[in-house]
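Input: structures, listed below.
Presented sequentially are two complexes of subunit A, the first with subunit B as partner and the second with subunit C.
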Partner chain A sequence: MTLLLRMAWRNLWRHARRTWLTVTAMIFSNVLLVFMIALQFGTYDMMINNTLRAFSGHLQIQAEGYQENQRIRSSIPSIADLARDTRGALPSVGVSARAAAFALASSEERSYGIQVIGVEPEYEPTVSTLPGLLAHGRFLKDEMVPEIVIGAVMARNLKVTVGDEITLLGSGRDGSFAAAVMTVVGIFDTGMAEMDRSIAEVPLPFFQEVFAMQDHGHQVVMALNDLDALPAATAAVLPLADAREGLVALDWVALNPGLKQAIQADMSSAWFMYGVLIVLVAFSVLNTQLMSVLERTREFGVISALGVRPRRLAALVMLETTLMALLGLLIGLALGWLVTVYFHQAGFTYPGMEQAAERFNLPSRIYPSVTFSSILLGPSVVFGFCLLASIYPALRLLRLRPVDAMRTVA
Partner chain B sequence: MSGSLPIGALGRLAWRNLWRNYRRTLVMLLAIAVGVWAMIFMTALMRGMVDQMIEDGIAALPGYVQVHHPSYRDDPSIANRIPEPDAAFSAALDTPDVMAWTARVRVPAMVSSERDSRGVTLLGVDPAGEIALGFDTEDIVAGRWLDGPDDSGLVVGRKLLERLETDLGKRVVLMSQDPNNDIADRGFRVVGVYRASLPVLEETFVYAGKTRVQTMLGITAQVSEIAVSGRDYRNVDGLVAAVSAAADSEAEVVPWMELDSYLDSMLRVMDGFVLVWMVVVFVALSFGLVNTLMMAVFERIREFGLMQALGMKPRAIMFQVLLESLMLLTLGLLIGNILAVASVLPLSGGMDLGVVAEGMEMMGAAAVLYPALKTGDVLLANAVVIILGIVTSLLPAWRASRYRPVEAIAKT
Partner chain C sequence: MAEIKCVDLCKTYLQGDAEVRALDHVTLDIEPASFICLSGPSGSGKTTLLNAIGGLDELDSGAISIDGERVDRLDGGALADLRLRHIGFVFQSYNLIPVLSARENVEFVMQVQGLPARERSQKARDILREVGLEGMEDRRPAQLSGGQQQRVAVARAIVSQPKLVLADEPTANLDSTSADQLMRLFRDLNDTHGVTFMIATHDERVMRYAKRLIRMQDGKVIGDDLQRPIDR
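Take a look at the complex of A and B:
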């Protein structure tokens, strides 16, 4: 085996320039793949976390059918108790209850249709980043006071600041007229225009009174520290939802189908591009190895006449490719890792990204994720395809007839 | 240029040399064809997606250019309104640049059914003007479109109807704000239901007759915006100038690029992406190309020496190798282009991306993708391959011409 290895290594350098060119093709695609995949995974992680942590959480308990049409009547009775039980079952997870309704908000000068969310002031900060993003004032404190926290764009549209009053007009759960006068105590600025424009938060018990909800609410929201903890959390929550009639537990994929699908759509176009790159490199390897086999037909004829089996010759060619691919893998990995680590520190941005970033709740700089799998994935596939490409040249050797081969003029 | 041999003979030499090792040439041809196919195919898909995003986006704005009160975009309230366009305005817009225009009242409102309430954007429109601007009555899935500016009915989106748990023929109440900041409300009967390519649009816009909305809000002959559409959305400078000249000098005239900067950035990111993608594919190809040519040169060193000894000039040798490369590239391009057209054409009826529809919506794209094969993109792909291909072949060709005849012949 060591003899074969030494032969393979020497054969590679008989045409040093050719070998380097092929290896460079591998390095080029490996570096590109390492960086692009790391960037992609980094982006997805940020998209998921930023979107979920901002508001919706990773997991919610809702009344059946609420997710589709968000009707005020599709509510959960005794929601505070359910939230408490959930908190007991999942001590390490943020849990908070919410209720939601649409209302017309009027200030002195302006009126807009908005979404009013009733939240538990004590627990809301554990499931949403929104209370932490206050630009002015403070978050809600007490349960029964008519206080409201609104987004920065809404504040601008309504022309109000902290301390001003807003009138809410809407319909309650029973269809009755709902109205309240609230004082603005805080203004949040998430940078996500849609949220800053349309959402306002009030204390849940107060919400329940205004919108005739009794002790009902719409969602129990759970936010995890890590997406990997989702299956365990789901398993713990399911019995709670099942114990009551008409409740369902929905994970983030069900809550934000768009998020998962945007990732899938992006992934499929990315895989297509990576696939093309890999196939082109494989062609390059195929051509090089085919040539190197054809030009050595005489040599191989002599070797096999000396008693070396064709299978050993095929193994030799495969070994040459393996060595070449390994070289491309190692150098490509090293360079790709350097590039990725650099951008992991410095962040990556390109012109026009800001607008797209805002749409997907991303900061305007993206930090590629440097994980073992994100770095190794691309190059190992390239490695595999390079070996595949050398199968045809190697197979040709199995059919080698020594006498004919020795007669060949190279 | 051709040294001592006529170009025809050089060409024949190059062509025959190409097929001396047909396996190598075939593999390289295949690589070039796959590369070119991927360049064009991928670009057609992405272009199709972005084009449609922009068309849908502009249709939702609507128009290529809009006229507002200067404060309207920051504060979209009825307080910021402009006078309804007069005869002078419509005469001034009678230029070939302008396709159609319409004036609309556009205010935030609350719509309530017996069951539920939602925040929406109420549009008081001239129904014929909306059609001229791109509203398609085919999209009315139930009931009818508005008859005229004083139609008392309301046309709502399919999704909104579902959320409000109401139905065609039922009444809903719209609440908004009048210029004195008093609540203005009015009952409307739902007379029509429309569908849109993006569900979010179905939830946002409700259409009513313009004069009815003006009466409800207590204003006369005033509107929130004038939307103007033109011929080419990539070039709206002329349109902006024409509209600015016609509009009230106080009003603000804004092209779609400023109204929706996300769309504009997508268009520009797309143009950049196309070029980067093509160059990346080419670079991946180029290593194989250089290698193939290098091998072809290397194995013919003796031959080149002999030809030079017989009086062929180095330039002619270089030219011959370049010609080989050019033939290889052209053949590859031909196959690649045919492949690309053959794979895009069957998809011209649209690719159904229903499985990721909500994800496409998040990007602002519709669930059916129509690939767009643009002449410009195809030409760009071919130009990138030919020009960069010749540049990369310069090195092997130059080397082939630099061998000294005696040493080259002596080489075994």
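Take a look at the complex of A and C:
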């Protein structure tokens, strides 16, 4: 250990209580930041997964331009074959084909414009939580039958219930008149009013028949178990999309730009709060180091008189801050990691969360994300700001005049 | 050995509203291996002269050269280097670094000079033995008496074999025995290594060791006498 390092370390403990107070502030903020950021990342993962698993999935293959303009003619031929090939390429991923069209749904009393989705009943539960949210009746069977499941709000609006009939009127892919009479077999309640009001699902083969789709569809939807697997899944799907003309693979960011924006907005407000905490810690360091420099002015004057250049004195102060910040970093990181790992295993919940989660078919606990970035991000920023805070006390030493400094009364 | 030339040095301080002439047209020639005492009452300009020669304080006018190099024209960094390599300081109140042991205090300057750890450790031990502090190398300043601390300060000042040692009231906080021991040490270094000493003092006992006695008053040199020093 060099003499300068030894000196810096011992200088820290000349006022042990003051140093510990500053280090404790760093430890507290580091523990809090490690846990809060990990919890925040865990919450985002849950938000993304839950939102995507509700309907859109993490990844879709679509005809080029379909996402922007959902015309019935922007379809994919042999959609069931493409879905089967995708299942082969991604055996551990939920894959299901869909087709979609707008239609007028009429009951005996009322008519509403709705979006009709043709789904593969066998595979749809692997990409969407909607089949698990049925409040009444059952989900579709994988048969060529005129059955339909509708949202709770739509059922209320049309004044229908399970067993009643609905008439669909729309346009087929070839421009022909599409019409069908269908029996309501299930009513889902997602808790999301827009979805419950506007979406109805029918078996894909029946949809293709009614809307003259032949073997066409509009989306192959994929739902992953882990968001981190997205890059690998995208890489596996791209060749399938590229092999057919006019197809694209879109990830969740392209499919749900609003979700990404919501996360970014939340992250911005959270970092504002973290910023306040970090600035407070930085000011604590500034105060400690400034006091330390001021009360050692005479000593610095003597050292300077011995021939030590001012920049070396400034380096000594920076070194002292670095050691103090390292102490806060290491202890804070260790404690923060322990707390976070505990909640990563046990899950984190707050009063009322379990009831809400049960209603929306969501996990009842949040699991903080234990990753390199979630653990290190906050403490690294605290460390950096602590070093920045020591620049001002260090700069004062650059202007030190030995003869004046030595006249200072300690 | 250092040859020092001071030509027409002037320095004025403001003390409140009053102007104090700390150096008033001081001109001195100091031969290599000199052993000089600066005497005079407080405020006579002794410390200001030492500080100016050591590059710690700026002059209003005049020129100082050490071995032909103009000290008054050097910038802060070059002055720091000059002090580091060629000038040793001994202060009245020792001014040791409290968090370092006696040996580390002596090593400190050598570390800044860039000497390897083993060499500076050996040199520090040797010089501490020379000043009579063998066995006390690992004590912190607070664990040493005033005389012992001043010896550490002297060891720190001379360990790099400077050309010039500037001492400001080095015996002011010492008892007479310790003061005598210190002055003998200075004289020994002067006689054996040719180190130039300039010592500002009020102490008549210290002045007896000087080969040349310069008397100052109100910033002026009022007496400059060669004398036969007492036998060390």
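By our rule, the second predicted complex is superposed on the first by the 266 of 410 C-alpha atoms of A that agree within 3 Å, B and C clash if a C-alpha of one lies under 4 Å from a C-alpha of the other, contacts with A are read in each partner's own complex, and residues count from 1 in each chain.
Here is the rule we use: contacts are C-beta pairs under 8 Å (C-beta built on N, C-alpha and C of every residue); 3 or more make two chains touch, one makes a residue touch a chain.
From a predicted model like this one, the values you see are computed outputs, not experimental measurements.
Contact with subunit C, but none with subunit B, is seen for A:P310 once the two complexes are overlaid on the shared chain. A count of residues in subunit A touched by subunit B and by subunit C gives the higher number to B. Judged by the touch definition given at the top, the superposed model places A:I114 against subunit B, while subunit C stays out of reach. Of the two partner chains, neither subunit B nor subunit C is touched by A:P91.
Applying the stated contact rule after C-alpha superposition, one finds that A:R156 touches subunit B and leaves subunit C untouched. In the superposition on chain A, A:M273 contacts subunit B only, with no contact to subunit C.
Of the two partner chains placed around the shared chain by superposition, subunit B is the only one that A:G170 touches, whereas subunit C remains out of contact. Subunit A meets subunit C in the complex at residues 2-4, 6-7, 10-11, 14, 298-299, 302-310, 312, 402-403, 406.
Residue ranges on subunit B touching subunit A, taken from their complex, read 21, 23-24, 27-28, 30-31, 34-35, 38, 42, 45-46, 74-77, 79, 108-112, 114-120, 162-163, 165, 175-177, 181, 183, 261-262, 264-266, 268-269, 272, 277, 280-281, 283-285, 287-288, 290-292, 294-295, 298-299, 353, 355-364.
Those residues of subunit A that touch subunit B in the shared complex are 15, 17-18, 21-22, 24-25, 28-29, 32, 69-73, 101-104, 106, 108-115, 156-157, 159, 169-171, 175, 198, 257-266, 269, 272-273, 276-277, 279-281, 283-284, 286-288, 290-291, 294-295, 350-356, 358-360. By the touch rule above, subunit C contacts subunit A in their complex via residues 51, 54, 56-57, 76-77, 80-85, 87, 89, 91, 95, 97-100, 104, 107-109, 111-112, 156.
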